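Going by the order they are written in, the chains are A, B, C, D, E and F; count residues from 1 in each one.
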């Protein structure tokens, strides 16, 4: 049977900053530019979660998208939407809140839940702005 | 010589429902939610067809996109645009009209036509809404 | 005090057809083209509801957008999302389901609810596809 | 001579919260919902600035868009991009940082600069998210 | 009876430059910047044509959008798509090819045709890029 | 350590034509259609550059996106924005200016610069219009 890849989009709005307190203001400015602003800035993030599988003969579904949406909301959106990524989000504690690290963190929050519903997570795609996004495949083959 | 992947977007508007007549109303509602509505609903679908190949030295083209567009229109769009996927579309007869099955059905309709024009079909990407899409690679390696 | 205009977007997916049973197939086809297909087709509609007012000093809000979103969902989206506009939607009974008539129908469903929350409805904008949309101002001055 | 309306889009990313310190947590939560989060959240704002005028015979321009872009950047974007609207932005001090108030604040920052370059500001349109936006006409007739 | 405003989007791709041969290179560069490049540059233009009227009781239409699309294609798109605005387009001869002048030129090409089909043209909206657009109302009240 | 893929979007506007002077007008028209227009046409191109790597523990970055943006602007955008691809762009001299060849040319201009900043280029994605785009992986495995 042949695999198909299905993707669900969800969005969240959050504050963050890219700044190391063990670095001087100058070094923070040099490396992180405007993202180092002490008083935070924020984004409308767009999150795409992709699951791979073979469609069921009964339903035509790889996965039930309504359930997948609920899992994304419970595992990710409720923890991060209208929050401060550096201060409020458990799974980002102690990490730089780059888009890269955020995508990796989201993978870890959601992978186990998707396995429980019988799916296989294969990609997290995360837009920080219309000009910047990352893709993470959890160490599996990219696609 | 190195491969390049070229994609053409086309759109169509169609009605469908996700409902099994051999299931009770309750089970249909439970599994398919609002998509089970007896009287149909519909979508503006966005279809992306990707072909792989080496650009011709004479034209710079992997494939002539005008011809590819005509093939997509003839093989897919004319059969499904402003139609009912469950009732009007031959290649979906007897199947659940999920986005997954629709993408697989479109692949089968169009692959042979693309081979005839000297191309290699490598991906069908199909958006049902801005929040939901599937990708199908015909059992080949995804990319 | 100066007015500001605030807009909320909501989306719904519905089936419909443009067809008069008192006309011949030929006349239906001539006037409505593919939209006359007996077995329905459908769209992802995008609805923009605009309310005018002066921002509150306490909140900075013309209107509470969370409440406005709930009103749109209750007055419009629940009645039409994943439905058949011709068969399932009370406020469209006996009317041609053109985008024009749908926008006018939505205005009538929602205006009273917005007045009750202290707002003034000034525009309904409704996209049927990325290429077609209508704007309705309820007979007031357009803006 | 007939007027034409020309619009320039710029974007900025900022943090904010909607919260009154003279209100209880419960009241803040009730009125502002998730936007009241103490630790901030943020958005990718999209700003559209519209200027009205008659095209010059020499240039075909109502206004030089390169200059308009520079004015928007200097008067607005540099003051707010990658900033905290409540803490870092002079022209928002002491005001609720709703999209409504932000649009009014931007109008005041930029109107005088546009007059100096010979233009007439007629609209500020500001998107907070893809679902929410406001339009402000400075008390002039809307269009 | 109450008016409704209906809009059709069409797109075209064209080359142009903003350059006066009676000006020095320096002055052209100063005023038009990169747009003055002697060897042309180009854009994907997006054109929105808005017509106002009262929906027909028989059809629910203000205007038949299929016919409106055909008129836009015949009156505008065929004359300008994949063309050079300065060299190939009759209605732009002797004018600066600014977005402003192009919108005015399009209005003149299409207004008469829309009157002939019983409609009233009320707006031409023309995007040169995602960041720049103009709106022209033909000297009527803007809306 | 696990790889992550990070992408930066930049845009440019350019003129070109698809036409062989060693072919008759008829053959050019037959093969290239409207793209063969002697006097050029043009597009708003959207360019996505993807780099692969492991996020730094110190910064959370695979690559500094500000630096990547500067490299794309210096290596590609300055050479092609508001230019004629056939006449003005060194790296396209003597080649058909198809989207395919343009993506390959951009890869060659930018790969060395990305290696110098410690990154690995893995994809160039280039949109000519909203309906047409190509992806190039430099002969590496696609992803």
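The rule we apply is simple: a contact is a pair of C-beta atoms (placed from the backbone, for glycine too) under 8 Å apart; a residue touches a chain by one contact, two chains touch by 3 or more.
All figures in this text were calculated on a predicted structure; none of them were measured in a lab.
Rotation angle, chain B onto chain C, C-alpha superposition: 180 degrees, expressed as a multiple of 5.
Chain centres here are Cα averages; for chain A and chain D they lie 29 Å apart.
Centres computed as Cα averages put chain C at a distance of 41 Å from chain F. Touching of two or more other chains is recorded for residues 130, 143 of chain B.
Shown here, the protein chains touch in an arrangement that is not a line, ring, star or fully connected set.
Looking at which chains touch one another, you get A-B, A-D, A-F, B-C, B-F, C-D, C-E, D-E, E-F.
Those residues of chain C that touch chain D in the complex are listed here as 2-10, 50, 55, 58-62, 64-66, 69, 143. Chain A meets chain F in the complex at residues 18, 20, 31-33, 95-101, 103-104, 130-139, 142-143. Listing the residues of chain A that touch chain D in their complex gives 11, 13-16, 34-35, 37, 39-44, 81-84, 87-88, 129-130.
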